[in-house]
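One chain, subunit A, appears in both complexes that follow, with subunit B as partner in the first and subunit C in the second.
Entry: the complex of A and B
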């Protein structure tokens, strides 16, 4: 990964590709690359859908190597949903393939005039940008189908559906999985709308003729990778729970702990949770001839994903994640997995974030547009998004916009991004992350659930405000670093509990680059990324007053713990003090 | 006293999902875990009426005890 490609979509005479060296970005990958480029090069007051914004696509530092778990891709820009900096992370094949072609980043810049739609082909011979108006308004599944007829099955596809083309604020960028299904999405923050604004419909990445990226010290790298894999296999979360049940194993945990937000955050438990649980889902998948264990990219040894078939045994969608099952399930008062899976398919196909879309439907239910629990109604609302009707455009622009348009007070967003599947009142640590992260409400930015609820990597009482800021700070720093390596964040469960597995990760990073990596280096990397992101947000006009939860979390206690969020503002304001 | 025990994920295999049972006064979480033949090493979290508890926690009549292996997700 010794080059950066810049594609000026607005160049006079048509898109222009420039390939250059790494310069000041040498050694960066993933989120470190996307955030440092955006912070340095995008005007903080730029309109996110304008020519001044950039869409930075970056494989992780170890992507494209023989290292396991290294296939995560970062996409960064100024977010049209939040107005903050954004890094949205996905699995799928794209990161590995792009890295093996030698690109540390591909940056889409500018914006073309007119209506033409483009596809970008990246292979060993270089980069081509081609007008292809036959792709207009195709959704992701038919789009990839059509592209496969031309470019085959040995490539990775990144694409936007109709939502991205319409520049809806919940629009995602899809990445294909090993079976070429467009199921792995850079979901959060409307990154698909930025790609749509640049009129790029699809990126076809073909690494034919390329080799694995060679480590500086191959023997040491192989050895470290072996220890790392052993560690992941040995830990009960990464070796047993995630492969068998996927992330949705959390439905029962959060429900039992009283932190499962239902009916648009009016309750902390949901009577229909057992029908939605990971245990039920895995059994159903196996019974219908799907898969309860599946990797989103080659080289993943945890394999938390799966394949969800319909009742006739035909492929419907990939295994919906916990957050998806929650947002379309309990949050909407729906307790039916087939409905959730159908909605997951629609979201992937149209190209919208499943968290934002599901939370929005719940807000629309609170507004009385349809009733809570209305399964057919929920599907109909997402189909409105697909059709691009005025109602569909409102819903596809997320929970904050929908709440405003329909006069709803209880709108669970921070910096206009929808809260995920964990109530911050009985789980105060995750509330700190939601409030303070540079990304808008995001659980992955500092997953305090691990320590508050699951008791992995420590134990901090979820019901008390004490210790939560420090916890969230440390998690946010570690996450920013892991998101830069290309490693899937789920490795954190094993490396937090097993020092030898953390050491193996350090040795992988070190031996690959021919240096020695320490825990302090990882912390320094995480801080560097967060500081750059925070600085961008400050220049974009964000202050400490934006680092707060919506007022109802401070005013409305939620059952069963009957608590409000009580971490003091002054403490939240110290999160980035280092 | 009457206790509802709920099991999750791999702990259900060969056991049950939910069971209501009579236990003597002073029963602890540890003794129920032992009766169920769940090795202590496999334990993740235990919740009584939605609150985390330790193994030595003494149960009261009407409690719901949920027992999970170590789990993660996100």
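Entry: the complex of A and C
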């Protein structure tokens, strides 16, 4: 990965491609690349859908290699949903293929005049930008089918559905999985709207004729990767729980803990939770001839995904993840997996973030547009988004907009991004992350539970009750670093518990790049990324007053623990002190 | 614990059909035990779960919806709800882990023991099994038996496909073998407020 492609979509005479060296961005990947480019090159007060914004697409530091779990693709920009800097990442094949073509980043710049729609073809011969208005308003599944007829099955596709074209604030960017289904999404923050604003409908990435990226020390890299894979396979979470049940294994536990927000955060438990659980879902998938274990990209050994078939045994969607099952399920008072799976398919097809969409439907239910538990009504509302009706455009712009339009007081957002599936009142520490992350409410911003072994922030007493901010800070630093490697965040479980697996990861990074990598280097990278993001947000007008949860979390105790969020503002304000 | 007014149902199932009962176990079933003892003692001494297994596999434990760090000090009362889970993904999964590094993030969800309550009485508790523990511990609890509302059990059994019944080699209702007429069984269940269900696996009696 020794080059960066810049595609000026607004260049006089039509889009212009420039390929150059890495310059000051040498050695970066994933979130580090997207955030440092956006922080340095995008005016913080730019309109997110305007020509000044940039959409940065970056594989991780180890993507395109033979290393396992290296297939995350980061997309960054100024977010139209939050107004903050945004990094959103996904699995699928795109990162591996783009990296093998040698691109450390592809940056979409400018904005074309007129309403022509473009596709971008990236292969070993270079980059072409072609007008293709036949793709207009196609959703992701039919879009990819149409593109496959022309470009075949040995490529990776990135695309936006109708939501992205309409520049809806919940719009995602889809990446195809190994079966070329558009199921893996850079979902959060409206990155699909930015791609739509630049009039780019699809990116076809073809690595024919290219080889795996070679490590500087092949023997050491191979050995480190072997140990890394062994560590993942022997750990009960990455080797057993996630492969068997997927992330939805969390439903039962969160519900039992009273941290499962239901009915738009009015309750901490949901009576129908075991109808939605990962255990129930996996059994149903197997019974219907689908798959309970499936990887979202080649080289994944955790295989936390699956294939969800309908009652007749036909493919309906990929295995919905925990956050999706929650947002369209318990959050909306719906306890039917088939309904949730249908909604997941619609979200992927239209190209919207499943968390944002589900939370928005719950807010719409609170507004009385439909009743909680109305399965057909929930499907009908998402179909409104697909049709682009005025109501659909409101809903497709997310929970914050929908709450304002319909006068709802209880709107679970931070910086206008919907909260995910963990109630911050009983789980105060995650509330700290929701409030303070540079990305708007995002559980994955503080997900890398390997801070103890990374020694981020030194040794923290895990049972110290006042340590919520310190824990969240360390988690956010570790997460920013892992997001930069291109590694799936789920590796964190194994590296948290198994020092030899963490060492194997360091050895993979070190032997690939011909350097010696330590835990301190990883921490320094995480801090560098977060500092750049925080600085961008400050210049964009964000202050400590934006680092707060909605007031109802402070005022409304939630059952069964009857707690409110109680971490003092003054403590939240210290999170970025390092 | 004996209950003279309790109906009893014994099913003998093929091993391949035991997983059909996991929906009940994750929802929660009522099982007998002696309470007033530490949870760890209940798991190992009464329910026969190996101590090493509890340490290594039962990594997430809830008592009355509160996460447990130390099973040797958490006391079980009659009517308690006990949920057992294997290791969980995610930050919240790590947070809920017994004695885990991120336990501080739970706040008030952590179980706090109040008094020793060592009354050592026979009682019922509600047990829930999740994820990896379902196939590993589920058959043992089904074999030891659990109490259900008759109507709830009838609804559960009615929902089962033909394959389930093809894998059922014996149905014994209050000591009487039920042949092919399951209607009689359903009628009996619907009239019962309390059924003690035992499920044995014919491949592993």
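Just a few scattered comments:
Throughout what follows, the second predicted complex is superposed on the first by the 560 of 578 C-alpha atoms of A that agree within 3 Å, B and C clash if a C-alpha of one lies under 4 Å from a C-alpha of the other, contacts with A are read in each partner's own complex, and residues count from 1 in each chain.
The rule is simple: a residue touches a chain if its C-beta (ideal position, glycine included) is under 8 Å from a C-beta of that chain, and two chains touch if they have at least 3 such contacts.
Quick caveat: nothing in here was measured; it's all calculated off a predicted structure.
In the superposed model, A:339 lies in contact with neither subunit B nor subunit C.
Of the two partner chains placed by the overlay, only subunit C lies in contact with A:467; subunit B stays clear of it. Using the contact criterion defined above for the overlaid structures, shared-chain residue A:563 touches subunit C, although it does not reach subunit B.
In the superposition on chain A, the chain among subunit B and subunit C reaching more residues of subunit A is C. In the superposition on chain A, A:439 contacts neither subunit B nor subunit C.
Applying the stated contact rule after C-alpha superposition, one finds that A:248 touches subunit B and leaves subunit C untouched. In the superposition on chain A, A:501 makes contact with neither subunit B nor subunit C.
Once both structures are placed on chain A, subunit A residues 236-237, 240-242, 244-245, 247, 249-250, 252-253, 256-258, 269, 278-279, 304, 322, 443, 447, 449, 461-463, 490, 493, 560-561 are touched by subunit B and, in the other complex, by subunit C. On subunit C, the positions that touch subunit A within their shared complex are 19, 22-23, 26-27, 57, 59-60, 62, 65, 67, 83, 85-96, 100-109, 128, 130-132, 134.
Listing the residues of subunit A that touch subunit C in their complex gives 235-237, 240-242, 244-245, 247, 249-250, 252-254, 256-259, 269, 274, 277-280, 283, 304, 322, 422, 426-430, 433, 443, 446-447, 449, 451-452, 461-465, 467-468, 471, 475, 490, 493, 496, 560-561, 563. On the side of subunit B, the complex with subunit A involves touching residues 6, 8-10, 12, 42, 44-45, 47, 49-52, 66, 68-74. Across the interface of their complex, subunit B is touched by residues 236-238, 240-242, 244-250, 252-253, 256-258, 269, 278-279, 304, 322-323, 443-444, 447, 449-450, 453-456, 461-463, 489-490, 493, 560-561 of subunit A.
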